[in-house]
Amino acid sequence: MKYGLIGRNGRMGNEIYNLFSEKGHQLVFSYDKSGEFFEEKPEILIDFSLPEAFNKVIEYVDKFKVPLVIGTTGLDENQIKQLHEISQNIPVVQSYNFSIGIQVLLRLTKLADSLLKDVDIEILETHHRFKKDKPSGTAKMLKDVLNKDVNISSIRVGNVPGDHTVYFGTLGEVITISHRALSRRTFAEGVLKSAEFAIKSIAGFYTFNDVFNLTIN
Amino acid sequence: MKYGLIGRNGRMGNEIYNLFSEKGHQLVFSYDKSGEFFEEKPEILIDFSLPEAFNKVIEYVDKFKVPLVIGTTGLDENQIKQLHEISQNIPVVQSYNFSIGIQVLLRLTKLADSLLKDVDIEILETHHRFKKDKPSGTAKMLKDVLNKDVNISSIRVGNVPGDHTVYFGTLGEVITISHRALSRRTFAEGVLKSAEFAIKSIAGFYTFNDVFNLTIN
Amino acid sequence: MKYGLIGRNGRMGNEIYNLFSEKGHQLVFSYDKSGEFFEEKPEILIDFSLPEAFNKVIEYVDKFKVPLVIGTTGLDENQIKQLHEISQNIPVVQSYNFSIGIQVLLRLTKLADSLLKDVDIEILETHHRFKKDKPSGTAKMLKDVLNKDVNISSIRVGNVPGDHTVYFGTLGEVITISHRALSRRTFAEGVLKSAEFAIKSIAGFYTFNDVFNLTIN
Amino acid sequence: MKYGLIGRNGRMGNEIYNLFSEKGHQLVFSYDKSGEFFEEKPEILIDFSLPEAFNKVIEYVDKFKVPLVIGTTGLDENQIKQLHEISQNIPVVQSYNFSIGIQVLLRLTKLADSLLKDVDIEILETHHRFKKDKPSGTAKMLKDVLNKDVNISSIRVGNVPGDHTVYFGTLGEVITISHRALSRRTFAEGVLKSAEFAIKSIAGFYTFNDVFNLTIN
């Protein structure tokens, strides 16, 4: 596909550019602090920038009238509302987490919980020393799908990108389901799936959960 | 429930007796090398003995006309055939593995496999030094549900009762699903579920997979 | 060796009896709630009973005048003092933890700590749901040998006998050292090593650390 | 320190440049396919390039007469011989593996092996799908320090940079020692240690094992 990328030079921008190039997709437009690059009208717009650039994103959506995949974090309520408005005319995929594996982990956790009785459940998450928040957002998502008062333990060592483990223990056995992120590449893969999804979809507001649900069928 | 137990003094017999007592069930009949104990007609017969005692099992089934849960290993074809015959009149649950966790592991493995694309899958099993066969039967069951040519690694150390791990690795993340047996108690729990299932079922031949399917709904 | 066992019918008493029999050692004396069994004067006395039986232990030590290995927990200060007194005449090995693997874990932890710089260290311990205290005594021992303010996470699931892991994370790598108890048998092995040590030692008060130090040379 | 870097634009060259900058060291000379950068005579030369550039490395060593840290792989016998020759006049540190954690893993493995008796030992290594060789070189190093016939299992999934685990199992417990590489940064850290070591050393031929031995004292 021919795609446009807002936030091209950021960490995620780079990951997306590398993966999309590897898969044969062509960057025909980008926008960043350093300015605009325009070769051709893109088939889809991807935004991984900052909330400050949001007006610019809306401007480009208006101009190109193509689907939008947006992973920029820290959007305020009004900005989310604007996304819902433009989704009446184009497909918008918005999410704070584009990891396929985390979606799988959530589903496995739900299934294990539904199958096991008289079971103790605990969550363990391990991240790098620079992560300030405890527990991680993903650990909270796991707790939410379990819908129970589950204890979460947090380990902070070195430079671990992010591990999550859910323990299910009965008196005779222990089942653990673990997810380990290796790099940001996995998020770029989720963005690619979202872009492919958006291009084929009718106008509407979607999350990565919708993308995942459809791509697995 | 009031139950009868053939093979009362074996390792599994003991585990079953302990768990059933703890849960308030009452042993009213037993048979073992040391002889017969009879207090009352049982509501269900459980057999964890040896193939040599099979005729005695059939005899007691004829006498009491109650459901049978049988976990005796090493039955020959003819004995299995006899079980199918008596299952026309009573519910029979026959299995070589009564672990609930292994059933859960199989289902989680199937779900993960169906959700993940471009993924490498490997199986690792760890058992005690006395285990002669490589790979374990359970590892083969995992490979069967995956229905793929999956590599199995086997570790033999000390006295580990049995660990199984399935790895799913993509370029960005790794998901692992693990099962660890702590003791034979887990098998006794599966027997209890099977007994409860059998008492409520119509005549027929069932496996532990059927028990598990129904008890989770 | 010909040994005497006080607390023969307890959980640890049983484990000790089974291991010692397997290794060809002979029970020639025992004492328990049910009474005394005497066949011959033992070469060594082992006590895994209760503080209430302590006077009886001292009585038998006076009578047989043989070395003592004592693992009874909950002794009070005065009882420990009495052990020190009788250790002027016979070898006494006293400990609350006879696990060889835990001694190894402590030494590995110390070595890793001395070798790694700019490292984050965390401890994780997992035990069965019945364990009331958090963190485990062994986790505290690990923290003590590290002699640092190390975070300890505690997981309580099912019937896990006891796992301990120490994490060492730098910006490029993670080293983990883990210990997993499989059963009480490991403690019986430590008792056997202690008995062999005591028989060959001169009078004195020893701990399992001393036993371990000498048996590894 | 003021350092020179041959192979500046390679993967390892980049990692080294980033870490050294972060720690306040100054690149004053570099050489790469794109040409030479010279600001000042360096205090040390680091080479992570290709065997084809070896003559250029020797040329710069002759010119600057400063210590050399060389991690270039694939050197032939004659090139290694030349390194030994120049090490009569300057300190040379040569190694194919600059990971501190692997050195620690080797020492922990040796210690555990010396402390445990009647133990089964196995090695497990996990790497990305692109790794062709089985088992990994590091797994072989582990087997070498154990100096025993130890089974090695190899798992190849996704994009795992490299995990190594050594299992020690007795009849009562299991000890595992694991190393997980997170990125190439760890190798850059080993190079920095080697550079600091080389600057303070007298002329001679050293390996990373020597660096590690001295820096830990």
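Order of writing sets the chain letters: A, B, C and D. Residues in each chain are counted from 1.
Operating definition for what follows: contacts are C-beta pairs under 8 Å (C-beta built on N, C-alpha and C of every residue); 3 or more make two chains touch, one makes a residue touch a chain.
If you want to know which protein each chain is, UniProt gives these names: A, B, C, D = 4-hydroxy-tetrahydrodipicolinate reductase.
All figures in this text were calculated on a predicted structure; none of them were measured in a lab.
Novice: Taking contacts as defined above, which has more of them, B-D or A-D?
Specialist: Per the contact counts, B-D leads.
Novice: If I compare contact pairs by residue number, which of A-C, C-D or B-C overlaps with A-B on over half of them?
Specialist: It is C-D that repeats the A-B interface.
Novice: State, to the nearest whole Å, the distance from the C-alpha centre of chain C to the C-alpha centre of chain D.
Specialist: About 41 Å, centre to centre.
Novice: For chain A and chain D, what's the span in angstrom between their mean Cα positions?
Specialist: Whole-Å distance between the two chain centres: 36.
Novice: Quick check: how many Å separate the C-alpha centres of chain B and chain D?
Specialist: That gives a centre separation of 50 Å.
Novice: Can you tell me which residues of chain C touch two or more of the remaining chains?
Specialist: Within chain C, residues 158-160, 168, 170-174, 182-183, 185 contact more than one other chain.
Novice: Would you pull the chain B residues touching chain C in the complex into a rising list?
Specialist: That would be residues 158-161, 182-183, 185 of chain B.
Novice: Touching chain D in the complex: which residues of chain B?
Specialist: Those in contact with chain D are residues 119-122, 124, 126, 128-129, 151, 153-160, 167-174.
Novice: Chain D touches which residues of chain C in the complex?
Specialist: Chain C reaches chain D through residues 99-101, 103-105, 107-108, 111-112, 114-116, 168, 170-189, 216.
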